[in-house]
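Next come two complexes built around chain A: one with chain B, the other with chain C.
Moving on to the complex of A and B:
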């Protein structure tokens, strides 16, 4: 499977999905003008990955801010990964937040509650 | 309202359409109803989860934006105060320079032209001793005029600087 690398911009997050290592990273800011256009290739890539995953999958999320439509797509990503969890595959979500960003920490907790995926909520020391 | 396949709620729209189409059927089989209801409940549950989390997150991120906005306003006020202080200091230095030149010029004019005339006038009118004190008084008057003069110049320059800042901001 090919790597999925998307450079980050002021409006879109950096995406670095590696099917060989099982490390899927999303970082930056997600306020794309067209969320479908941005997230659809990611969801397609994930469909393929879920069919042939590696032993351990780590989803690293380090988002500074995202808009409402992005929050729906992030949920979609987690739901797709839920399939691996249901199949008893080793999967963990590492949710990073800045020391003074209480909102992002709580958002991670909400995603954990709704998706039922194992989350590690990790604080980034400044 | 037809949704395009590129809309973010396309999947939900399709699910709804499927259920609507099912309702249009004339005959229902019990197992078919059960299956359709099961699908509907599952889709509803998923949508309900989405609505819950999206609403929560959206409100929270709005709070984050408000906080950032407040911080930005605070920083703007601090920045404005710093600009004011800098402008005041700059204007103060300018005013001191002006008044220094003015005082030196006044001193020279006073020493060269005014004081000898006043002293000779006072010497003629009163005595040489009194003329000396009159000259000294004149120097005191000049010295005491320096500070108020500096303040007036500073105020005028500050007013002008503020007007320029307002003009630039507009």
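Moving on to the complex of A and C:
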């Protein structure tokens, strides 16, 4: 499977999804007006990945900002991964937050509750 | 002194950090956010407060982009969504104000939503957010109805608004968010 690499911008996050290592990273900021345009290709890539995953999948989410329009699509990403969890595959979400960003930590907890996926909520080391 | 000088002095005195009135396009949003970010960077403010202000500005601008009604009051043929956005600091609070037209047919919905949000406690807002997040409907405009809840959660204060009928088609809404300086 091809790697999915998207450069970050002022409005959209950097995407680095590697189907060979199973490490899927989202970082930067996600505040586009039209999140569908940005996230749809990512969801399509994940459909393919979920069909032929590697042994262990790690989703790393390290976002400085994200808007509510993105939040639905981030949930969609987790929901695709839920299929792997249901099949008892090894999958973990690493959710990073800044030391003084309590809200980002709470958002991680919200996603953990809503998705039922294994989460590691981790403070970014300064 | 002339009127411009008065206005200049007044804007300085009122601690207005940002004041914009015009069409809300994707490019404008991007520029306004860039200016806001630079301004916030320049003031000696805690990261968490800056982050809240920036997040709320993003949601406010995107609300305007998706939901402001086109101004048809001056009979000119226009397809522009005109809105006002201000950010200022006063007595230990940052304020974000938006003002725009909305269609009369949407007034009841907006009112119900804002009144419901204002009636909820911090914990209830969090539950409401999770409930809407987990509901499968992604609205055409992508907002999923989460924007206002998110603004209220980040602000931690009640949302202030006024809606006044302008004519048979349009009403005018102003919407104010408070963010405590911490």
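Throughout what follows, the second predicted complex is superposed on the first by the 126 of 126 C-alpha atoms of A that agree within 3 Å, B and C clash if a C-alpha of one lies under 4 Å from a C-alpha of the other, contacts with A are read in each partner's own complex, and residues count from 1 in each chain.
The definition used in the following text is that a residue touches a chain if its C-beta (ideal position, glycine included) is under 8 Å from a C-beta of that chain, and two chains touch if they have at least 3 such contacts.
Here the structure is a predicted model, which is why all the values come from computation and not from measurement.
Once the two complexes are overlaid on the shared chain, A:87 sits clear of chain B and of chain C alike. Of the two partner chains, chain C is the only one that A:33 touches; chain B does not reach it. Look at A:114: by the touch rule set out above, it reaches both chain B and chain C. In the superposition on chain A, A:48 makes contact with neither chain B nor chain C.
By the touch criterion stated above, A:7 is placed in contact with neither chain B nor chain C. Once chain A of one complex is fitted onto chain A of the other, the partner contacts of A:69 extend to both chain B and chain C. Of the two partner chains placed around the shared chain by superposition, chain B and chain C are both touched by A:103. Residues 34-36, 65, 67-69, 71-72, 75, 101, 103, 106, 110, 114 of chain A contact both chain B in one complex and chain C in the other.
Chain B meets chain A in the complex at residues 6-8, 46, 49-50, 52-54, 56-58, 60-61, 63-65, 67. Partner chain C is touched in their complex by these residues of chain A: 10-11, 31, 33-36, 65, 67-69, 71-72, 75, 98, 100-103, 106, 110, 113-114.
Those residues of chain C lying in contact with chain A across their complex are 26, 29-30, 33-34, 46-48, 51-52, 54-55, 58-59, 62, 65-66, 126, 129-130, 133-134, 138, 142-144, 146-147, 149-150, 153-154. Of all the residues in chain A, the ones that touch chain B in their complex are 34-37, 40, 65-69, 71-73, 75, 79, 101, 103-104, 106-107, 110-111, 114.
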